[in-house]
Every structure is written in structure tokens, then in C-alpha cells.
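The following pair of complexes shares a single chain, subunit A, combined with subunit B in the former and subunit C in the latter.
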Partner chain A sequence: MNPRFSLLLFMMAGMVVAFAPLPVPAVAPQARIFRIDARQYAYSASELEVNQGDTVIIRLVSADVVHGLYVDGYDVSVEADPGQSATLTFIADKPGSFRFRCNLTCGAMHPFMIGKLTVGNNNWLFRSIGLAMLAVFGVILSIKQKA
Partner chain B sequence: MAKIELTRNPFIKNAIKSRYPQLAVFIVMLVGYIFAILAGLIGTPVGSHNFSIVFVWIAWWAVLILVAVPFFGRGWCAVCPIPLPGEWLQRGAVLSPPEKRPKWLNLRVPKMFRNIWLQNISFLLLALFSSVLLTTPNITGIVLAVMLFAAIGLSTIFERRAFCRYLCPVGGFIGLYSQTAPIELRIKDKQVCVKCEGKPCYNGSAAGYGCPWDVFPGGLTKNTYCGLCMECIRTCPHDNIAINLRPFSADLAKPSTRMDEAFKAFIMLGSAMIYAGVLLGPWGTLKDAAYGVGTGAWFIYAVVFLAIIFGILPGFFSLGLLKTKSNLPFKQRFASLSTALIPLGLMFWVAFSLSFVLTNASYILAALSDPLGLGWNLFGTANFAWQPMLTTILAPAQTLALVVGLIWSARTAQKSASEAGVSPLPIIFYSFVATSTMLWLLL
Partner chain C sequence: MRRAELLSRILIIIGIILAVGAPLYFWKSTPIIHAQMADDGGWSPDVIQAEVGKPIRLKFTSDDVVHGFAVGQMDMQSMDILPGKVTDVTLNFDKPGIYTFFCTRWCGLNHWRMRGTIEVSGSPSDPEPISPPLYVSLDLDIDAPHDAPIIPSQTPFAIRGESLATQLPINIYPSPDYYLSHSPYQVFTDLSNTSLSESQRWDVVAYIWQSNTTKESLENGKQLYAQNCAACHGENGAGDGVFADDLAQAGEASMQSMSGAMDMMMQTPVDFTDPTRMLGASPALLQGKILRGGMGTGMPMWGSIFTEEQIWDLIAYLYSFQFEYEK
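What follows is the complex of A and B.
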């Protein structure tokens, strides 16, 4: 097969793997309430999973110093004083995996005080692994063709 | 793609041959470096508001790993301030060679140390303490000062740049990854070097110093140990040395057979994966262990860290190699095929750094106005609020980096395997598993 045509074919396949719409399971949105304890330099719970469309209510409780919780991709945040709690509410309308992190300098390891929110399936991870598989397949095919 | 000789351009050639442009950059870098040491030692202990942390581990690191290494190879080494004071002391001059050189010991580095094992060890030492180093200004200040004084000390004992060549923790991986860069310093005509009397590029002359990196340019086939200091371009009496633009990863077509370089590839690959899990992952227990230097948890972390790098990663790699049949000795196959991990590791670091840098880049503006965290507002940006940048494109950019790294690694594996007369499939599968793990850690 013409190498340029093969490359074009693989690029098109890559676009399909990366961007083809996937069926979203029909689950009725609900309110999901989480209590997150924040301490230097960790959240507990640190991994949250919700369905797309759910209303996420996070009660952030700080155990030691002032901590914040900022959700990447949603650009929403909340701050809690030591021994106090604060509540963040938002609708998880964007699917995927998002890091949440402390947005108030809380000590040395502050930049790495991170948690993870997964909304629906982490499709981008599966798509990325699919792209990696496609890439490997393409390279192996080109090796076979050269041989 | 054919090579393009950049030094044919008279402007570039003159800028390299004159010592003044490089000196100007050196002075700016040295002032910045000394300021970073001082900021670390006397500035605020809050890392995200201290010049030493923000400019070294966010700004410099971003430039180094996202731009300098992939596109300019050892371009950073060409302007690095760390060896300067020692080198000036060793030479007894700042610019051209003096008539009379100072009498330092000028010893040759013992043969057993003429490899990159010491650089592997120095990198690992920093890596094991990285959670503290990356976040604590005075530790960063101390480490920067130790590197500066180590370079000075070694310059008074050994000839040339012993620190850069054999000890610098950063220089080791820059050298490894510089093989992928689309830039090189090479001779134009080998016969000219063969006939050249006195070899001033290596031994020095009135026009300049002998290669500070202890490399004879006439024998250069890889970027790994050429620090792009440009000294040989100044000393070559035959105008036989050029800076060329070339295709990416040209050096990887000639796989290394050295175990120190092979293990450097594993160290860098493993460190990127461990950092992605520990620093950017959601697991607080891992962060506590990495930060709690001296505690039992930290010792376990250190043992696991070293076990991944020296046991698990090379172990699975070796298992893949055992499945292949070749006339080459196993050690040689191992070293040669580990070349495929060089582009993979580089792109792992790019993907890791994208997340770390884009999230924390907004600290740069604030630290610029208030570098010591003393309440200054030099440029009116001291109160610039923290804000992650480009979070929507971060995951696709990381995927792109990792998949490109995988393709690059697979192509390199194909070439290395062909030279070793073995199948590249186990190495390609290994790279795929490593990439999938990194994707899982980052996404």
C-alpha cells in the first residue's frame, strides 16, 4: 500500500478514535454529597466519581490550616478555615477526569495537594490508550511492509 | 532531510566566534543563579512566592524540558552559569586565553569515573529528595550553592569541566536527550582533522581553549558529551567545525552500547512515571512518604523508587529481550535496545511538565514583582492571583506528547533492533505498556 495513503488512513482512524461520539448511559441526574477532609497535603476522599449531570455538593473540612479546593476545567472553588467547613456546589455537566487542587498556599507541598474528580467514564483515557494502540499497530504495519 | 549548516550564515558565525555575546548571556545567567541561591536562603520560606522555587523549578524547568532540550539539545549547557566561576579560576581569564595560566592541579579524572554513573547517582540523590527540594526554598538554595562550589572545587583539582562532564545531575539527562535534538556540532571534513597538527580544538591555542568537555571534535558522532560551548569553533584553524540543523533523533540511529547510558534511560523513564504518580496523583499517602524525609515511610518510598528504576523497569525490559534471538551478548543487546527508551522518556517528561508548569506558571508573575516574598511590588504584578492555565487543552496535549513519544520510540526500536539483529516487537510492546501506564497516571 502507498505509504502516504496508509498514513492518511491511520490519521483518519486516529481522528475517529479521538473524537467519535460515544453513547452516554442514560442515568437520571442526582445530588451527590461528599465530605472531603483537607490536611497538609492531602484530601480524603481524594478520588470522586459522579455521573454527568449530577449536582456535586462538596463539604470541605479543613483539619489544620486554611485549605482551598479548586476544580480544574470547572473553574469553581471553595475555601475552608482550620476546623471549619465550607460547601461547594456545582453541576457536573462536563464529562471526563479533572484534578482538584488546593488553591490557597497551605505549606511546602501545597502545589501538589491534588485530588481527582471523574465525571461519567474517563473516556479520554480510553481514547488515548486507543490512539496509542493504533500508533503501535501503524508502526508494526510499516515494519512489516518494509520487510 | 539534508543537514543545513547554520554557521554558514556570517551573522551566526560571528556571534559564535566572538566571546562577547556568550559572555553577556553568561553574566545574566550567573546573576540570576546567584540571586536564586540568595532568594532561597534569605527569602520567604513559602515556595510558591520565592524566586528560587518559582524561577528554578517552574520557569527554568519549563524552558529546559519543553524547549531547550527537545529543540536545542545541550543548548542549556552552552549558557549554564554553574561551571563559570570555576572555569574562570581554572583558566585565569574570563575571555581569551591568558599568556600565563594559573597552576592548578589540572589532574585527569580517574578512568573509573569517566562515565555517567556519578551523574546517575547525583540525579537519583536529588530525585529521592525532590519533594522537599522542589518545594522548600532554602533546600533549593543550598543545592544550587553546593553545585556551584562543587564545580569550582573540581575545576581546581581536575582539568577541563569535570563537574559538567561527570557529576552534574542535570547534564546527564540533557546529554542523553540531546541525541534527539535537531541541532548538532560536527566537523565538516574528517581528513582535515586527521592532518591537523596540534589538534588545537582539543589542546587549545592562542585563539581559544581546548575542549572543556574533554571531547575531540574530530571524533564526534553523537551530541551526548558535546556541551555546545563553541570553543572548538573558535580554535579550529581550518574553519572545519559547523553547527548543523538536522532531522530529529539523528544520533539514535547509532545505538549506544554503554550500560551507564542505558541505565540513564531507565532512571529518567522511571522518575517521570514516579513523579506523575506521587506529585500529580491524588494519593496523599504517597505524597506524605515522599515529603517525610528520614521517616520510615520515606525509606520505603526510596526503596520502592530505586526498585522500580533498577529492578522492575529493566527487569521487564530484559524479559522482553530474552524472548529475542541474537548473536550479540545480552548486555550489548540490553544497552543497544534501551536507546528506544530515550524519545519515550523525553516525551514522558514533556507530558509530566506540561501539567506541572501550566498549573503553576501564574506564580511567575507574582514572584517577578516580589522575588523574596517580602511584600515588594516591583512591576505591579505581586498580587497576581494563582490561576491554572490552558487546563482544557492539557489532557489532549499530554496524550499527543505521549503518543508521539510512543511512535518515536517504536521507530527507534525498529532501527536498534535491526542493528542488533532481533525483533523490535518486545520493545514496542514494552513502550506501549509504559505509555499506557503514564496515560493512566496523568489523565
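What follows is the complex of A and C.
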């Protein structure tokens, strides 16, 4: 086989693996309710996972000082005093992983008070595994051809 | 030409120094008050001098977390004090005396210990007679146990009580003085000479309590409760606030040396949904407890912070954990 043609073929295959739209599993959007306890300097539940289109309802409960919660990318925030829990509601319409962080200075380690919101499946993990396997396969094939 | 140029240069330099220096000088002349968590020292300085009729300008900044500033018993908007920012407040006092200022944003277990005083000097324009609080004039022992021996089997309902109360021959009950000085249980026993059943008597009690407050009072009390009480007593009044466990732990360390292990049991915040305690307490008794605080617990003294009206609103709200009022 023409090595140029096979290279082109592999590149096409790579594009398909990387960008082909996957069939989105038909999950009806639902309301997801989370309770997040905020203490110096951590959230507990610090990793949230929702499906795209879900309504995220976060009840922020502060247990020592005034804390906030700001979701990067969505640009929404809420603040809670101890004894006055606050609720943040938004629709997770953007897929991906987003940091959420405390947006009210809550002490020395305040910048490290973070968490993660994952919206939708992490497709890129599987796609990159596929790409890596394709590359390995291509290398093996080209070595065999030369030998 | 040469002299004129020199003169104008000097003038410009003087102008710049004045434009920059004068505001800086006046800004510097009021020192910044630093706010820290009570464990680290609270306010510094914590005593401020002021004079009647002279506006006093204060500047605040926080050294650690979000704090707030307000002066007790004064009608003012509380100010947030953020780390790395300077907050300006101008205060006006029209009566001499010692005012308490306090932190308004919860900043830890010892948040309420973060207080300071403003000493306002000057001649009083009209000295007001000071009347003792109701629990003092009634000579109540606010530390005595006050459990109600009988509690209702279901939540007393004020609307049912209203229709029953109209059939009663007596109408002294809804008077404010009677309400303030009697516990729900006392009213319940006073009603025992009527033909009502036990649960009907409790409904009448709920009606009496409702008719001595207003929706605005309850709303105001609810707000005060959320801001000042809920962190320990719980957002739903069950004594399970976010600091309840921390308080119990801190109590073991800080109270043991003072009065032994038994008193430590009081360290948990009171459960306002417990009918035995609440129905046995009169508004005057609760007023005493809120005014003075203490009781061997971490309960703050609110007397220097809340106005009398605020305390009555708060008490009206506390009873709403026991009674079902008209919505």
C-alpha cells in the first residue's frame, strides 16, 4: 500500500475518533440537589457530576465563617453565613469540567478552597484513548511495512 | 522670561504637593480600625471616643475573614468589612452614653465575642428615665427550671382557638401584660375552669399568643433569628445549628474548670421546638434570658445590642416553633 495513502487514511481515522459526534444518551433533564458544607478551607462534596441540561440546585451550608461559591464558566455565585444557608440554582447547559471556588476571602488558605463541577460525560478521555491506540496501531503497521 | 518660568515651575510643584498631600493628610488622620476573629483579638482598637452632635468618621478593614459592623440599639445599616478593603462609616450620636458595636457577619464560634464600645461624651439634652426590664420587675429567676408538666398532643392551632375564644365569657386574656408575664402552660392551667378539652385549651393559648403579635413582628423576628441565632440554635429552631457540635466540644475545654462537669450539659443550644421547655417559659422569662445571656453557656448577652422591640419580635418568633398561626 502507498505509505502516503495509508498516512492519509490514519489521519482521517484520527479525525473521526476525535470529532465524530457521539449519540447522546437520551436522559431527561432533571433537578439535581446538592448540599455542600463549606469549612475553612474545603467544600465537602467538592466534586459534582450532572448531565447536560440538568437543573443544578446547590444548598451551601457554611460551618465557620462566611463562605461563597462561584462557578467558573457559568459565572453564577452565592454566599452563605453560618446559620443562613443559601441556595444557588442554575441550568447546566454547557458541557465540560468547571472549577467552583470560594469568592469571599475566608482566611489565609482561601485561594485553595475549590471544587469541580462536571457537566456531561468526559468524552475526551475515551477519545484520547482511541487516538493513542490508533497511533500505536499505525506505528506497528509502518514498522511491519518497512521490514 | 527666565524668572517667570521658574516661578511657574514652583507654582506647579506646590500645586501638585497640595493636591496629593492634603487629601492624604486628612485620610491618614482617622486611623483604621482592624477587625480580626475574636480568637485573634477582635477589634483593635475596641474602645472609640466620640462626642454628642459631632459626626465621627470611622474606617475599618479586616485582617482575616469577612466581618461586619453595626452599633447596638441604633437604627443603622450594617456594613461589611472585607479583607484588603477599607470601609468608611460616619456615625452621629445624639445621646451620650456607652454604645456597643459588634460584628454582624458570622466569623466563627466566637463571633459574638467580637464587640467593642463607643464612649460618647457630652451633656444629655433630655435625660430619660431608665425602667428595669420586665423580668426584673416581675422578680423572675431566669435560671430556674421552667418545664411544662403537660404538653399538647398536637401542635396548637390558633385559628381553631379563635373560634373557641369568642365563646369564652372572659376576655382579659389577650391583654399584653397578661401575655408577657404568663407562660403558655400557666394560661393553659388558668383555662382549666372552662368547659374546654385539653387540646381546645391549647388552641386558645395559641390564639392568645397570635393575637399579641403581628405578621410584621414575626417577619422581623424571623430575620433577627436567622442573622443572630440560627448558627447555634439551628435554622429550624431545633438546637442543631452548625456550631452546636463545636460548642459542645469547646464547652468541655472552657467550662469545666469553672463549675464542674454538670453545668457543661447546658452547653448544647436550646431546642425551641421542644414544647416542655418553651411552653413553660413566659415572654418575660425569655426576655431575661436573651437580655442577659450567659446561663453557663456560650449564649451571648443581647441586652446592649437589641432594642426592646426587637427582643419582643424575636420572642414572638420563637413561640411560632410551638404554635401554628394563621398564615
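Observations on the model:
Basically, the second predicted complex is superposed on the first by the 103 of 147 C-alpha atoms of A that agree within 3 Å, B and C clash if a C-alpha of one lies under 4 Å from a C-alpha of the other, contacts with A are read in each partner's own complex, and residues count from 1 in each chain.
Here is the rule we use: a residue touches a chain if its C-beta (ideal position, glycine included) is under 8 Å from a C-beta of that chain, and two chains touch if they have at least 3 such contacts.
All values reported here derive from a predicted model rather than from experimental measurement.
Touch criterion met: A:105 reaches subunit B and subunit C at once.
In the superposition on chain A, contact is made by A:84 with subunit C only, not with subunit B. The larger set of touched subunit A residues comes from B, when the choice is between subunit B and subunit C. In the superposed pair of complexes, A:22 makes contact with neither subunit B nor subunit C. Look at A:64: by the touch rule set out above, it reaches subunit C but stays clear of subunit B.
By the document's definition of touching, of the two partners only subunit B reaches A:96; subunit C does not.
Applying the stated touch rule to the two superposed structures, the overlap between the subunit B and subunit C interfaces on subunit A comprises residues 105, 108. On subunit A, the positions that touch subunit B within their shared complex are 41-44, 46-47, 70, 72-73, 96-97, 99, 101, 103, 105, 108-116, 122, 124-125, 127-129, 131-133, 135-136, 138-140, 143. By the touch rule above, subunit A contacts subunit C in their complex via residues 61-66, 81-85, 104-108. Remark: subunit B residues 45-49, 131-132, 135-136, 278-285, 287-288, 291, 356, 359-360, 386, 388, 391-392, 394-396, 399, 402-403, 406-407, 410-411, 414, 424-425, 428-429, 432, 435-436, 439-440, 443 touch subunit A in the complex.
If you check the complex, the residues on subunit C that touch subunit A are 37, 62, 64-66, 82-84, 105-109, 111, 226-227, 229-232, 235, 241-243.
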